[in-house]
Amino acid sequence: MNIATKGEGDIVDLTGEVRETLKDSGFKAGIACVFVPHTTAAVFVTENESGLRSDLVRIMEKVFPKGFGYAHNTGGDGNGHSHIRASILGQSVSVPFNDAMLDIGTWQSVVLMELDNGGRPRKLIIQLVGE
Amino acid sequence: MNIATKGEGDIVDLTGEVRETLKDSGFKAGIACVFVPHTTAAVFVTENESGLRSDLVRIMEKVFPKGFGYAHNTGGDGNGHSHIRASILGQSVSVPFNDAMLDIGTWQSVVLMELDNGGRPRKLIIQLVGE
Amino acid sequence: MNIATKGEGDIVDLTGEVRETLKDSGFKAGIACVFVPHTTAAVFVTENESGLRSDLVRIMEKVFPKGFGYAHNTGGDGNGHSHIRASILGQSVSVPFNDAMLDIGTWQSVVLMELDNGGRPRKLIIQLVGE
């Protein structure tokens, strides 16, 4: 699956896509693993609410600031902070399903967060295991 | 599985329940995925030691403090910090098993940490995949 | 699988081992779960670049410093910070595979990071599920 993010801090809700993949698969019980094969984006679970989306951006900058003199930035990309934040938030999340329905909470969404310094085309893998 | 947490920062050890679920399942080799379907609690692996439990509470408040003017809090819940901490600590953890035994380390426990501002009834899913 | 880390902050690339395990298994499609059964080491995904490796060490010390008066340290190990960092970075990561190939990005590596205050022998479990 391919998506395009709109800029740094963009949060894209993937829950609908995970549900569709499960529906089309015929799987009944198991785990859906959502994985982003990029080093400067993260996949995790959160409530997808506008205030919280801006809080996530703000707290990332407070705790893992851009101006930290990253050794990685001597390469010229200027995205040392993006890599650190991606490793902290994670790039893989697994959600159980039963009776062909995702066991996700009412307020939970599986999201991708763009952490690089601009929008990017992003690939995503939704992998189902089980029966 | 349903549990009740006793208050913010409460850490509940789930390792015994994961072992029971595995024992009752007949599965021999695979992965146990422990998932909490709530946005203000976390599931992760740690040593379950009293000093460390208080350290986890203290460091969460230092790094992701309650008084950060969360936009999410304008809704009135006052739990913006809970959401942020939950996304950072994670809501899903997978532990391998072989020979029908959990491959967890001697000092490791799978725990749920209550991050909301009070005790809550919490649902948990322990999902096994493999054979 | 057993490895020996060289000291605190040592980052060991496990990607080759995960690929070998997959190749030897005969599995075609599923999830590879990499798990470290120790409480003071972490397993996660990052770009394995020298600048970034030193950035990870530096930012861990900034955000989760050794001198935080950890209650855990009264036991004498002096590794309260190691436990906290390990719980934050995580001890389990799942990577999908298809057509018997790991779906990992060009710049991604699965790594173990030593977080205890010295090198250690470390056990690792690479568990495959799927078909």
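Each chain carries a letter (A, B and C) given by its place in the written order, and its residues are counted from 1.
Criterion: a contact is a pair of C-beta atoms (placed from the backbone, for glycine too) under 8 Å apart; a residue touches a chain by one contact, two chains touch by 3 or more.
Because the structure is a prediction, the values reported are computed rather than measured.
The rotation relating subunit A to subunit C, fitted on Cα atoms, amounts to 120°, rounded to the nearest 5. Of all residue numbers seen at the subunit A-subunit B contact, under half occur in both copies; the interface is built from largely non-matching residues.
Chain centres here are Cα means. That of subunit A falls 19 Å from that of subunit B. For subunit A, residues touching at least two other chains, in rising order: 31, 63, 88, 90, 94, 129.
Of all the residues in subunit B, the ones that touch subunit C in their complex are 29-31, 44-47, 49-52, 54-56, 58-59, 62-63, 88-90, 93-96, 98, 103-108, 129-130. Per the touch definition, subunit A reaches subunit C in the complex via residues 31, 33, 35-39, 63-64, 68, 70-75, 80, 83-84, 86-88, 90-92, 94, 123, 125, 127, 129.
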